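Shown below is the structure under consideration.
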């Protein structure tokens, strides 16, 4: 499996006249991990929602492997190979972990309702294959023992893992992670970092939206930093961490002192 | 011309009762976002409370107060017995629809037990028989009274919602229950008061319409509920001024279509129009507010 | 034994027919409810199915089966026609629009005298509907729902019901799924209307108003919208209850109302939730609740 290249050109989004994102451009190289950082309200999640088609963009263009992605509705974006997780974990709490992850296989099924109703052998085979794949995925993420537990009963860290498993079940070319480390303790963050590197090694392009600069620096090949809806720095982790604009954005101005 | 004016008079007095009922509906359905199918039964209950009071010899204004309070009490009852309990137990809002419909049927059953299934009439009052003629247009004193009472109720509700602390509390709860709790609004009591207001408006409109048509029956609530929903569509969910305008509009449409449109499909055209309104302006005819694409 | 059974069957066949018919309607609604479509269009769909099939059998002299199919297809076509615009409406506006649809159909039925018999309705409809027709239809519906629930389609629908943003992000075409379920709901309710018309000798516009639509919603909701058996349980309970309360004709309505209220209050997840109580934790306060729900800040 090889990932796809995401290119974003000067995208912008306004809500009722208030500019949330103002002309952001960056590229997430195929097979790499790109970090998108910035303080709260800097436009990270808005950018992600524009990439996944939840928000229409007011200006600019988004392309996946050179083909325009902007303008597609969310399910079309997903069908193009873009999967995501949510900042405020969105699992179906009543359903088992396995059922949640199986939802990710939706695109892989041949859509034929009559065949489904007749339970044709092909349909049954497809179901079994999907289930096997999901169980293997749970195994890779070390949550195989939770397959039959309702997702609502899981610990926070495990829920994050299930969400990532569900996104991976779509067999994405590009994986968008929206603040996956939020609310995690130190050990959980370290495990998450390892998991992201593991995903990277399987070839999937990762766009990591994160608050925690240490985690992003550890796993990213390239970092883009936003503030107030604008891009203020871009480069390797070391370059971005050294950038005065980034330090100012995170630590605040000293002028008043 | 005189037919036109005559229908205008009839339509306005009929529409004013619709407006009063629909204000209550929109408070519950739109502002509180609760589907209360018993609202029509409160309307019927109010008509009977008023009727009983009038038969006991109370003067009409006092009978109206009885209808108001009776309808309001039924509203409070529905909140205390059904909706509050459901909220506490985490029931889905669909369950509220089922339970409130069951409550409506219970109330219809109680009315049948207590008053019989026969249509009843308000005691004849010589005062209300008075009518005047203005160039071929007959205006009944009853119509004037109904319009005035309706306008007073609308003004009272508007004052309550806009100027009083209760109104502020209701608007805050409507905006967000959580915000209301944070800023110290007593959410439970505010919801209870809203149920009382909606029930009282339904009860009052029951007595008004019962007088206008001079018919009271246990089954009068269902048709009214249909009209209430229609007015909500016209006026916009949760829009109180819209409910008033929509009520008058529906009254006029009904009266004029009976008088002028000979096509047997007039009502279908009316509802078809409402359907189109919903699609084109889902927030009601009287809103300038564009719904955000969620 | 067998004589006893046939005697039992003869005296209760009307009730059995009614239970089956209402179960069929309940599954029609279940399809819509399973994707969060709170549809008041049932009355309209049933009216389309009933009048169309009666027209086919009585005026055109069609055999029964194609007439029922024609009625069901007309209702499905109606659903497809209104579905596209109506499904774009949010929440309660969807409910109000389907209500308006039912009223349009009812008023047309009331006035199109040459086809519908107007306010009087159509009488002396031949009784073609047999108990086994209804039973077969219910069995087919149970199978369809059961099979769909364990397929990708069922998973997609469950996701749409709980969180349609998640469903979209996993590649589910939410609009297409909801539309197809709405059309299927129209088809089933139309078929139920056609079967009902040929069961009762009579159709009239009064059969298909708001109350019909709301009743139809009560069956699956009372039984439980998350359970395969919920619609049947709700429909049979709601149908049998008035019969069971026959001993007190006077208080029947009141007792029935009280019983339904009691069930709703004690089993807010529907009757079938009884079987899940043991493994269920108390509902999270932030979950789906009946509430003066927080309006989205329309900033």
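Letters A, B and C mark the chains as written, and numbering starts fresh at 1 in each.
As a working rule, a residue touches a chain if its C-beta (ideal position, glycine included) is under 8 Å from a C-beta of that chain, and two chains touch if they have at least 3 such contacts.
What you see is a predicted model; the values in this text were computed from it and never measured.
The chains touching subunit A as well as subunit C do not exist; no chain touches both. Taking the CA centroid of subunit A as reference, the farthest chain centroid is that of B. Every chain gets a centre from its CA atoms, and the centre nearest the mean of all protein CA atoms is that of C.
Between the Cα centres of subunit A and subunit C there is a gap of 40 Å.
Remark: subunit A and subunit B have CA centroids separated by 50 Å (rounded to whole angstrom). Once the centre of each chain is set as its mean CA position, subunit B and subunit C turn out to be 28 Å apart.
Those residues of subunit C in touch with two or more other chains are numbered 284, 287.
Contact residues of subunit C toward subunit B in the complex are 33, 38, 82, 85-86, 89-90, 92-93, 95-97, 99-101, 103-104, 107-108, 110-113, 209-211, 214, 217-218, 221-222, 225, 250-254, 256-258, 260-261, 264-265, 268-270, 282-285, 287-298.
For subunit C in complex with subunit A, the touching residues are 143-144, 147-148, 150-153, 155-156, 158-159, 162-163, 165-174, 180, 226, 281, 284, 287, 299.
Subunit B makes touch with subunit C in their complex at residues 29-35, 37, 81-83, 85-87, 89-99, 101-110, 112-113, 173-179, 191, 222, 225-226, 229-230, 232-233, 237, 264-265, 267-268, 270-272, 274-275, 278-279, 282, 289, 291-292, 294. Contact residues on subunit A toward subunit C in their complex (touch as defined above): 15-16, 52, 54, 73-75, 78-79, 83-84, 86, 90-95, 99, 102-107, 109, 111, 113, 116-117, 119, 123, 127, 130, 152-153, 166, 170.
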